[in-house]
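Letters A, B and C name the chains as they come in the text, with residue numbers starting at 1 for each one.
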């Protein structure tokens, strides 16, 4: 059995724009193996080594794509030291290639994993393999060969999901105090801060008994400083420069400042733990 | 009648590189509907909410593309509050999708608009529609369906051009004083400042009786400060660090500093009004 | 004889993200001539006018691509003043289009040049030709016509390689002192500094009798300041914040700080000359 027709490759890295030739080297390697594949940049502006941010981007982006996309994730602080490189296939038929450093565990939140392989078959690697750029020498060629119809099992042995490293991310609910200790998992270029509190379409907070109503006042504790923000459906319902909370376009609670930069003004970085009182 | 063959989608947003997963979500939505379409990034680095800058990019870029491109413009400070989202077709057979916030009026300067539709038919939207990301949930799928041959009239009712919101941009000619009060509509990464004064290939200023000759000295008043710059054909005709004026590659008067950053050194932002004396 | 099938165009510019509409104009021009070509962004974040950095990106990237790619290089401080624009073909069947300002001479280091043409035939240019943007008006259309099968000789007369301008880059070996005076040719977004000292897979320094062994201590003199760094195979073998040296993924000696920004901390820019003692 050959693989079904994977014909799009999505690239996610922390290389940044000043290292875009690293990205184009990967594209060259891919096109040399399969000139017909479509390559899409998911993002190359992940903060250096930020596994939390990369995980957020993956989980909120991949399902917008049609199935049979191969995502290659090069956020790899451990490159050169030993860590496995894996290829995972989800039930929904997306494939993810990346180092076993916590990033791939995000898929356990969103999908079933139907297959997990450790990349080991050197026939599909690019020689000489550098010590510092496995994205180009291992992940890119393997991704390209998948789009040529090579089965996952050809790239190496099965890898047990028990050994998949998990992302360290805080999420503690205190039901009695209506309080959630949570993590800022993403900050966009407008400074909007996305927590890992998931809200459904009816404004209920998932995995809790809490539910929100527009105009509720939410208390937010950041580094011992207390803020309040109105829960609202969109920015312009609060005055300019006021804090607001909303269900972001990916279904997570976001903390923003209307026409301001919340992260800068409140001094928050990705990975910071904050306390939200509903 | 089906639409002619629109097979390229151009994306213009103010998301910036830190929000590139918003852009890739839009690409995913498009490819899910039409995996064969070619997607081109026009720019994602428009200053946040800058309708003037986005308008400039549109008018100076789109005609370099072949006809039958669908441009999707997501510079949308009003997202979530009510404003129409429109799809326009020009006589020259380009289609533009964007919010009715002034951006689309730039096409009145450069083209004839042959059709204007208000997007309303929810059959072509992505559910659930978020409050904060209509680029992904409304504009991207409609753009993709256009490339699948769906007629504009299927997406909603006609929208009168009388209701098209106009960009506020200053352009006042004082013929007697040989003076033009104008707007800086764009600043590039070298700091070159592009005004909205249009110059033809023979160095005549459009819509005036003024004409320029190389080596003319132009007076420029910026925030009460007076500068002079030689009108020239290229940078290297003036000393390093000197102000110069030239007909930029898009046909507008540009104010630059040879090997320097004019916008930073003169303290100018997009949208600033300046006075030019010829 | 028609050209072999060139069907990928790679774009390398110093336009930066704030000028991305210049890049998309070039893409429009290309797609108008050949809607089927695949366009790949090599990098647009070369430091303004940095011929050394652009040369480094070219030589370390192009061979990862399949042959029959046309690379268009718009790093062009002399635009508007007279300098030739050339099209080169290498033995390995890549074509490079760019100004004769030193950039193209990098190919003499890595390849044989089998053909060199001065672009002169205006039939293939875009009118009106601007004074400031030959990337769009000359290089992009010529590149696109090459992918349509037009032979190089149609674009202009032969150009002698004797007249190819060379990049000024320092590389002086003192065999007795085991010392190399070299140039920092590239700094990536992590601050890793790449010199022009080439190391082979067995840790021998090319064009010298020197050879390196892991754990060697290398002395580095930067602006009269002396540093030492361990030569190693990967970052994590030295403590966090320590200087290290390694054979980078492109085969050049790199100077880095483990989880730090070497270029910022040591005050180094692209083009700086430093002295390395082995």
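Assume a contact is a pair of C-beta atoms (placed from the backbone, for glycine too) under 8 Å apart; a residue touches a chain by one contact, two chains touch by 3 or more.
What you are looking at is a predicted structure, and each value in this text was computed from that prediction instead of being measured.
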Residue-number overlap at the chain A/chain C interface, same or different (half cut): different
Angle of rotation relating chain B to chain C [CA atoms, steps of 5 degrees]: 120
Computed distance of Cα centres, chain C from chain A, in Å: 32
Overlap residues in chain B, where contacts from two or more other chains coincide: 17
Complex contacts: residues of chain C adjacent to chain A: 7-8, 10, 17, 38, 40-45, 57, 60-66, 187-190, 201, 233-236, 246-249, 259
For the chain C and chain B complex, residues of the former touching the latter: 15-22, 24-29, 31-32, 35, 39, 48-49, 77-81, 128, 130-133, 136-137
